[in-house]
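Order of writing sets the chain letters: A, B, C and D. Residues in each chain are counted from 1.
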Amino acid sequence: MNGPRLSGENLGPAATHGWRARWFHIIFHHERGPSRRFDLMLMVAIIASVIVVILDSVSGLHARWGRIFYAIEWGFTLLFTAEYLARLAVVKHPLRYARSFYGVIDLLSILPTYLSLLLPGSQALLVVRILRILRIFRVLKLMEYTEAGGMLIDALYRARRKIAVFLLAVLTLVVIFGAAMYVIEGPENGFTSIPVSMYWAIVTMATVGFGDITPLTPLGQLVTSLLILIGYGMIAVPTGIYTAELAAGLRQRRKVACPGCGLAEHEADALRCRCCGAELLAP
Amino acid sequence: MNGPRLSGENLGPAATHGWRARWFHIIFHHERGPSRRFDLMLMVAIIASVIVVILDSVSGLHARWGRIFYAIEWGFTLLFTAEYLARLAVVKHPLRYARSFYGVIDLLSILPTYLSLLLPGSQALLVVRILRILRIFRVLKLMEYTEAGGMLIDALYRARRKIAVFLLAVLTLVVIFGAAMYVIEGPENGFTSIPVSMYWAIVTMATVGFGDITPLTPLGQLVTSLLILIGYGMIAVPTGIYTAELAAGLRQRRKVACPGCGLAEHEADALRCRCCGAELLAP
Amino acid sequence: MNGPRLSGENLGPAATHGWRARWFHIIFHHERGPSRRFDLMLMVAIIASVIVVILDSVSGLHARWGRIFYAIEWGFTLLFTAEYLARLAVVKHPLRYARSFYGVIDLLSILPTYLSLLLPGSQALLVVRILRILRIFRVLKLMEYTEAGGMLIDALYRARRKIAVFLLAVLTLVVIFGAAMYVIEGPENGFTSIPVSMYWAIVTMATVGFGDITPLTPLGQLVTSLLILIGYGMIAVPTGIYTAELAAGLRQRRKVACPGCGLAEHEADALRCRCCGAELLAP
Amino acid sequence: MNGPRLSGENLGPAATHGWRARWFHIIFHHERGPSRRFDLMLMVAIIASVIVVILDSVSGLHARWGRIFYAIEWGFTLLFTAEYLARLAVVKHPLRYARSFYGVIDLLSILPTYLSLLLPGSQALLVVRILRILRIFRVLKLMEYTEAGGMLIDALYRARRKIAVFLLAVLTLVVIFGAAMYVIEGPENGFTSIPVSMYWAIVTMATVGFGDITPLTPLGQLVTSLLILIGYGMIAVPTGIYTAELAAGLRQRRKVACPGCGLAEHEADALRCRCCGAELLAP
């Protein structure tokens, strides 16, 4: 996995010995014993707190258990506050952590509860806590899922330019068809402005088709049919790009260093190095 | 086909001789003469009983032929009861069968009719009988479709970790976009709670787009467009994963080193090396 | 292209000499001079007659040009009648042609106009004429599109068993989810019967999502989410099957007969026959 | 990239020396210093003018800033007019440029503003300016995205015949199913004419499913289910075609026979045969 990662916390420990070094290991590492257990507990706490936020949004449940949810929310807020302070305490550069991607999310996920003491209602912002769920991908490193995920992300990374060109083509089509439908159908048929038409063009081209806005004139329906056929065909492009890259990644190149020149990868059935011709060792 | 199978009935026969051994063969084996015929008849009976349940749910047909359907239902129930008792009688460990996946379904598919004598209306539960249709896949072993199905399931099995990572990514996006749309659009636009928003996010991201809930604010439409583009692109991921695995499965190259020149991979049906012509060893 | 074709008119000519043999060539062959011109003219006539049927169905156009459309219709009917009679006249076994797939369509496409003299209104059946459009695929043989089409159909043919297993799995899921949603949502939410629920399940699983029927209960929305995720993932299966087969077809095997044993296809870089080891000729 | 390109402006300069030659370089070339800067500025101007057209279509913004948008529009029109005249001045054959694809778009994108002085309201035609956005793809040549885009277009080009056959099959199905649904459902259920039914068939088959027209009769729902299953399966065809071509493009094997053992295909960067180690000839 040589692709880019979500900006990690490449933050050194505050100390090499003592409790700060030990806790740095527990909090920021993911591999063994206590740090593994810490990660799993954190994961459970994050998912539980997210579930509480989700359930609290259901008006029926809020009416009945709103007070209990409120208490649990405070419990998780205090817990995450303690965790946040601990993270600040054990890293070498607390500010660098505080400004990192995960550092900002960690802070944002506890602020709303405190703010709600001053500004009633700001509690709704607690949904930000949901972003903490992204930490799951980080904790996945614990498990054997790294390789699978790595392969998926590698293929995505190798295909990034093709995907960018594809997205540019999609956006160009969206602008052109959005403007065309705005002129053809007009505000009286629901295409109230070009941005709304562009929203409709995305919904249509990606074969979602909500049906909140639909063409009513024959010409509009003709143009829509054209857009749909293009969208139906274009779905082949990201799929093709991604599949081809993934297949290229799966095609087993043998990782065997050439004893002559050191070239590290050869075709599965290669007997000799394709660079210097030296005989390769048996696998 | 080395992947996992639906937990089979690896249950020995109750006896090695006599009618129980013979009937064990007929009921639990699928290959030859009488057991093949038994399976086909069972299949016909299951599909016929499912069709009766389906037709009986149509109010027009129920009004006219409800009594006949009721009679047929009892007929199938008695038939399946006899089959269930026969299965219990001929296996070595009746309890193990009764608690197996298919054993539970077999029981559940006959219970509702008997229950309806005590509790009128519980007959609606008969739709459970539909699950018996899963036996079709088991009976497929009869036919030449095993290899095709096995290849599909093998590829699925090899890709299971990548699929799990993909589903986790989808669910994370669903939670984040669901919460965001709940905050942006709010209950007045149909996003009545985070769970409902999450349902909407799944409907949108998978390009289903019922249109029962749609964004009405400009910001909501922008976020929706983003979600749709992500979903439109992400459909490439399961497709890519599955295609790459399937293609790897189809490319049947035999890993056998040529004794002459050592070339390591040859076509599945090669007898001689395609490079030097030396005879290849039997696999 | 070794796959199966649409049942052709493998009908011998009625005579080996004279006008019948010549017209047999013109009508039933597709390759050269006059038979090629005949096919192109027939194609134009079929498409023109289909366009007239389509335009005549638009009430506005029917009101204005209905009489003209009616006249053109009779013109095409007489033309196609003459063609039909000519076909009958020049083949060896007229009955065999009359009962062939294209023979029946040819007859059905002229009958409605005559019938409309006796039964007013039966003219609507003229849309059957649209099926004549299938002849286009036959005429494609004229053009260089044969190879492209042949490759697509070959891959489809090789994948037919996998596709059958896939369709069986889809139908099983449709029955199970259809029945489940009928029980969960019930007639009051639009799921009026199991067949209607099955229709909804197909619409949902294939990510069409009309929105004419939508789940309203929380449990129904949960089950729907599950069905959608399955459908979103399952779209990978036909794509994967087809892509893998097509890729296998594209992977250039060299068509060179082995001088030793005659095996006709070898890997692109094969020097010696993989069967007998004889040296292959340079490409 | 040997596929066809959007018809370029292969127009020689008007002069080999002097300001016209210099400006020809700046305007029509894309590679270095000033011509690169000119392209980037043009791109920014095009995107800005498109954004103004888009924003001006929103009635709320038009009411508030309509006059400012009008002024900016005139600014861009004058700018693009100057650019258009400059292009005419520096090319050898001004007429050939004026009639080229981009030449026509360049003219159409400035005309509406002038027309609006004579015919009030013709300003809405300014959306044509959006087509200038296509120039982006031309400017992409500046960046390293050429290769990625080239590969995507190459695969599309190689697959063009298969795509044509596929589109023909889709259109045939659309005509047949459209006509069938018109007969089955009829105008009273929204299928008011065969063209409308064909629009519905495209919307359904491509899994868009607006829901503006839906089948209401049982037979119509059955036929719809069939159409959906066909469409769900057929999405595999363009994807399969495109993926297979793209994968074939990615697999860069060099066709060079080894002088030692004759093995015919080697990896793109191989210097020596992977079987016998003999040095390969330069390509």
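Observations
Definition applied: a residue touches a chain if its C-beta (ideal position, glycine included) is under 8 Å from a C-beta of that chain, and two chains touch if they have at least 3 such contacts.
Quick caveat, the model's predicted, so the values are computed rather than measured.
Although chain A and chain D share one sequence, what matters here is the overlap of their interface residues, and that overlap falls short of half of the numbers used.
Centre-to-centre separation of chain A and chain B, using mean CA positions: 30 Å. Taking each chain's centre as the mean of its C-alpha atoms, chain B lies 41 Å from chain D. Counting partners per residue, chain C has 195, 198, 207-211, 235, 239, 241, 243, 245, 247, 269-271 as the residues that reach two or more other chains. Shown here, the protein chains touch in all possible pairs. Residues of chain C that touch chain D in their complex: 50, 53-54, 57-59, 124, 127, 130-131, 133-134, 136-137, 140, 144-145, 147-149, 151-152, 155, 163, 167, 170, 195-196, 198-199, 202-203, 206-212, 235, 238-239, 241-243, 245-247, 249-251, 268-271. Interface of chain C with chain B (complex): residues 161-162, 164-166, 168-169, 172, 175-176, 179-180, 182-183, 187, 192-195, 198, 204, 207-211, 214, 218, 221-222, 224-225, 228-229, 231-233, 235-237, 239-241, 243-245, 247-248, 266-267, 269-279. Touching chain C in their complex are the following residues of chain A: 207-211, 239, 243.
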